[in-house]
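Below you'll find the structure, written out as structure tokens, and then a few comments.
Chain nomenclature is as follows: A, B, C and D, assigned in order of appearance, with residue numbering initiated at 1 for each chain independently.
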Amino acid sequence: MTFYAPFCLPFILGAALMFIIVAWKWILWLLRLPRSDKRLILRGLFTHRTLGAAWEVVRESLLHRRIFRVNPLLGYMHMSLAFGWFLLIVMGWIETISYVGFRWVPLQGHVFFKYFATSLPHKPFFDFAMDLLLLFVLSGVALAWGKRLYSRAMGMRRTTKHVLGDRIALSALWFIFPARLVAESTTCALYGGGGFLTGSIGGWMGAHIGVLPLMNLETVAWWFYSSCLGLFFVALPFSRYMHIFTEIPLIFLRHYRLRSTEKHSSYDHFQIEACSRCGICIDPCQLQSVLGINDVQSVYFLRDRRYGMLTRPVADNCLMCGRCEEKCPVGIDLNTLRLNSRDRMRNVPDERRYTYLRGVDRSSGEGKVGYFAGCMTLLTPRTLSAMSTIFEAAGEEVWWADREGGVCCGRPLKLSGETDSARKMMRYNTELFRKHGITTLVTSCPICLKVFREDYDLPGIEVLHHSEYILRLIRAGRLSPTHGTTRYTYHDPCELGRGSGIYDEPRAVIEAVGELLEPASTRENALCCGSSVANLAISDGQQLQIARSVAAEMEATGAEVIVTACPLCKKAIGRGTRRPVVDLSEIVAASLK
Amino acid sequence: MAAINFGYTISKPRAIDLDRNNLRKSDEILHEMPELQTCIGCGACTAVCTAGNLTDFNFRRTHTLVRRGEYEGIYAEMNKCMLCGKCRLVCPRGINTRAVVMLVKRKLGDF
Amino acid sequence: MMKRRSWQEYQKEIADDNYYYARSCIRQNFFPGSEKAFIDILHNDLGKDLLDDPKHSSCTGIGYHSDIVPLETIMTVVARQFSLMNDAGYKNFVTSCITSFGIYNEILATWEEFPETEERTREYLYKATGREFRKPQSLAHTSDVVFHFREEIARRARHLLVNATTGEPLKVVEHIGCHYAKIFPKSGIGGSEFPYVLAGMIESWGGEVVDYPERRHCCGFGFRNYLVQANRGYSIANSHKKLESMAPYKPDFIVANCPGCAMFLDKWQYTIAEMEGTTYGENGHGIPVLTYEEMAGLVLGYDPWTLGMQMHQVDVEPLLDKMGIEYDPAAKYLGRNGKYIGKPASAVVNCCPTDTIYDIRE
Amino acid sequence: MKKRVIVIGGGIAGMQTALRLAEQGVEPVLIEKEPELGGKLRGWHVLFPSFTPAQEVLTELRRRVNDSGIECRMSAEVCSVSPREVVLSGGERLACDAVVLASGFTLFDASIKEEYGYGIYDNVVTSADLERMFNEGRVAKADGSAPRRIAFLHCVGSRDEKVCQQHCSKVCCVTGVKQAIEMKRLFPESDVFNFYMDIRMFGPGYEEMYREAQQTYNIHFVRGRISEASPTLEGRVQIKAEDTLTGRPLRMSVDMLVLLIGMRANDDNEQLARGAGLERARSGFMKPRDLFLGNVCSNIGGIFYAGTISAPKNIGESLNEATAAADAAARYVMQ
């Protein structure tokens, strides 16, 4: 057997082109990785990390476990297409081997085996197995069609709006498997064989269609099938389907501890092109659900960035609340990528700025515990006086870093993309903290907390959010709040919850002073108050709209008091409700009296 | 021509000359941020300012100068801002003050 | 045209004859030809009696405005001038300087309002010099006097303020010293807002007054502002503003009635040209600055070098050419005795590089 | 039989409406949720710009209401309103021929503006608190001593998007100046500072009073909005503002910070409007049918507005409007 027919040409060309382009991209990206990243890869290559990565590839790239967790139907759809197709290829390979033994068969020989194997005696097991797998894939294709027509049924309120390249690839993909079904069925009609699917359809066709039309149909069908494959392969590297291949190296690199940072690096390409544009990030976005803004979500951000058409309004309009990142099935560092896009747009290196910081020290008091209220906390004096009460009750000697106004932690500047300038502030505050010899740094502002933990170099200084600190005091018996009957509900600040992983401590503190009622969206799914400093675009009115929607959810719990642990959230939610909105420290301080 | 040093220079006129000032940049800024027009000039932003606490940065004055077409030195002035966002929390007109700082810096980078 | 007529509300009595003449410190030093021209015009052309008394002194106004001379001192000095006038038998005091004019007005008004200060001044004067004084019957600035006789001068005119080739009236910027009418509007012809003293002369002699936005702005002299070198930037900024404002009107020359203004509007043009390379007149040169006596002198047919016009920093030759006045270019820097008096360095504001006008071999 | 018009709210606007209705030969019924007539004016000391004691106006109005034998339902809360019937919260239904709503406004709650420290620091008070102190004859700091330095902050809860109050409350400027003068009269040695964004002196005698405050009482006016208040070691309040006229930040410690709180649309408006189908303005105040020719009429025939239910107003305006509303209601029921 030659394993060649003219109709194979589109497939052969398409596949060759695809492999060349994908290999070219990967090699380029890998070569351009910074030296430190390359070292990480080499160090991880021959360790258990590689195995872990391989197992994750199976779980995620084939089985799509994470999507399953978010949305089982959507998970099935993706799994049937990916895992089904994969099994078809593997099974096809085995089928070829079992028919012709271990000999070299060109690629198209495996793919179009049915066409070439008509003269061989049939093996019903493979006919059955291949038909079963085809059905599995076709069920996924059917779901994909359904999702396009009626996304709500798939549990998605919105789906992605695609670009032209995606549409071509998508259309090709949609037709690949139906075309295969028709092609194999006509061959079965002419030469017999086939399982319950192709065999039965073939039988029916043989009975109803003449031989000559069938022969013509066979040629057309195999040509069409091959063309669909070829077209899909050509479009793949330029479309969202690049994710099929890119997610694999991404998983490996991630296991080797490569990370995106506030500066753009070659690793970002793997993340960006690993986005399948599934659109799962659209629904959790409050800019979409509350404000109806539907062109800035992560999927569009990554798309625009990949094609080099990222605009400032898209990059700027994001709360960076992390709700989408939490849901992303590929696990892309969406916030970090957005951050380094902003860095590219706004950062001015080596700028002479903030020279006025030199020598400034407005701190007061002395103690091993330092308290950094944060700029925003200075506008919520109740938090300040509550913290003061708590420190006093616990008998803590405290060094107040910024009671008379300090220097910003640098996070807002970093979030807006002026990363190099932000470093100047970080350096200043680091020096200040070190100079005063503190061992613990407490802050009331989750924004500051995150940057202290992630970007500051503070050896020998433990950084705590005041919720963690208060809980410690309670557990150590240094604070004894009285348990009351007030029912509280708790709003997770983004930077504290998703940002720093602190969910339990504030809850434990609230439960120490009263009853806690959870709102509908809570913990990892908690809503953003809307006033995030990361969003550089939305107006005051839009912030208020989001705040109102959040407040409504909090009110719906029936709690008398809304508690949060971030000055910005407190201010924001307070605008949307008549109920009292208080900081965690306030309820603790009140319960001490 | 080699300029002679007389020991003094011609003092810049203090008047804001709206006949001479080119308001194109200012108009572009207002076009992108129309809400800036609603400023009452109450100065709460400046009073609350983290940078203003440490230096002479005056956001109200600076953005007002921009609106009058006085661009010289504005970039350096706006660069004193730490973008902490406190001012946005107190603005009675709800102006996105941080966006104003970034927009002005973007538009007036070459002044 | 309300503005045009509003000057008529501000009129004052100007004596017709018999003047006691008080000179100006600045003018005697920087353009002495103007004061000489005034005396000549009054004596020779108008046949008036005027006493140029060698005994009178500076009014000490510059010292007073620079906080060096106390009020009591300047009052006594002024009282002495009046006493000298009494001695000479004159009643009509005319002064060549705007600063002095302001000082005399201010002191007479102070004596009026606070008679005890006059009493004290009499006492001081008597103690210091043994003199007594009577206040003048009338007080005028010399530009008032020229204004008073403007029609008579027009009748005797040899040249008018018109372009000799086109017949078009010359465009003239007039500049009034601040202390002429801004302190006491009633003391100036036309008041402080629409002073008419120079405008009247220009109109009578065939010229056209340029009305430009910064017309009323000070030249910037400002005593302390000029006298302290570090402050001169403020001083020059004022002239700069005026020149910028008048330049688009393409004035043919500027005429001023104040010693400081005539000097600074002229000399600052040179400084600005050196500092910034900006010039305001035709062909990249300066705008000539004249005193009203020089303007009257040209109208009456005096020789420009006799009038002392070579003392200006900005060359006046283009203006003379325009008016069709004949002059000897080679005689520009020759004194009255025919000797070379020195010349300023060539500058942008000069239309004719001086070296080519007069080849000096020393 | 006499026509019956129910007047909701027994403040000055309500009382004046009832009096005028009675004059016109209509039978008014006054409904007041408090046990006595007078509304917000009961808490006021003297009135701008004449420094007339509020009691003088109040006593006279109450006496007239008493003398004319108008039926007053005290301590009665209204549940719903329609042109022909008013339902009280007890379930009692009162039939009528028209209704005049004169239920007034709600005072802005200053503790919402947390940065000013109301309810946190001892010596931060509102203008309403200060009036109460005047009435009690005991104006002092929390520790009982006399304030030496007093700051007034204008526009608290007015013209502020951050608390969703876009409108101008109109009377706080005048009140601020009046109270500043009163403080200065009480404590001649004290320094009084008024921090303002704009001073709006719209009524007869107001501008004169402002001038008097500057000239006679030497009250300082600083153009700038206070942004933060914080405590000092000596128990004073440190305030920060920008002195916008010099373009520099300003900070000072004061013994007392008075917040001139604004008028918010009455909290009950929403419920009333929903029940009766009345239109409300964006500010939450009731929206008159027409700002010029129907300013006391609602969009529903037979329901009329008097006083601050439809916008912030001063006492004179409220009284005038009450007369106009009564006339409109009388004309309506006589048809």
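Operating definition for what follows: a residue touches a chain if its C-beta (ideal position, glycine included) is under 8 Å from a C-beta of that chain, and two chains touch if they have at least 3 such contacts.
All figures in this text were calculated on a predicted structure; none of them were measured in a lab.
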Chain pair with the higher count of C-beta pairs in contact (B-D, B-C): B-D
Centroid spacing, where centroids are CA-atom means, of chain B and chain C in whole angstrom: 45
Where chain A and chain C are represented by their mean Cα positions, the distance between them in whole Å: 83
Rounded Å distance between chain C and chain D, as computed from the means of their C-alpha atoms: 67
Centroid distance [mean C-alpha coordinates] between chain D and chain B, Å: 39
Touching two or more other chains - residue numbers and ranges from chain D: 115, 161-162, 228
Multi-chain contact sites of chain A, meaning residues that touch two or more partners: 378-379, 540, 571
Pairs of chains in contact (touch as defined earlier), listed by label: A-B, A-D, B-C, B-D
Residue numbers on chain B that touch chain C, as the complex places them: 1, 3-4, 6-13
Touch list for chain D against partner chain B, complex: 115, 155, 159-162, 197-198, 223-228, 240-244, 247-250
Chain D - residues contacting chain A, complex: 112, 114-115, 117, 120-121, 161-164, 228-231
Chain B-facing residues of chain C, complex: 229-234, 236-237, 240-241, 271-272, 274-277, 348
Chain B - residues contacting chain A, complex: 35, 48, 50-51, 53-55, 79-80, 82-86, 88-91, 94-96, 98-99, 102
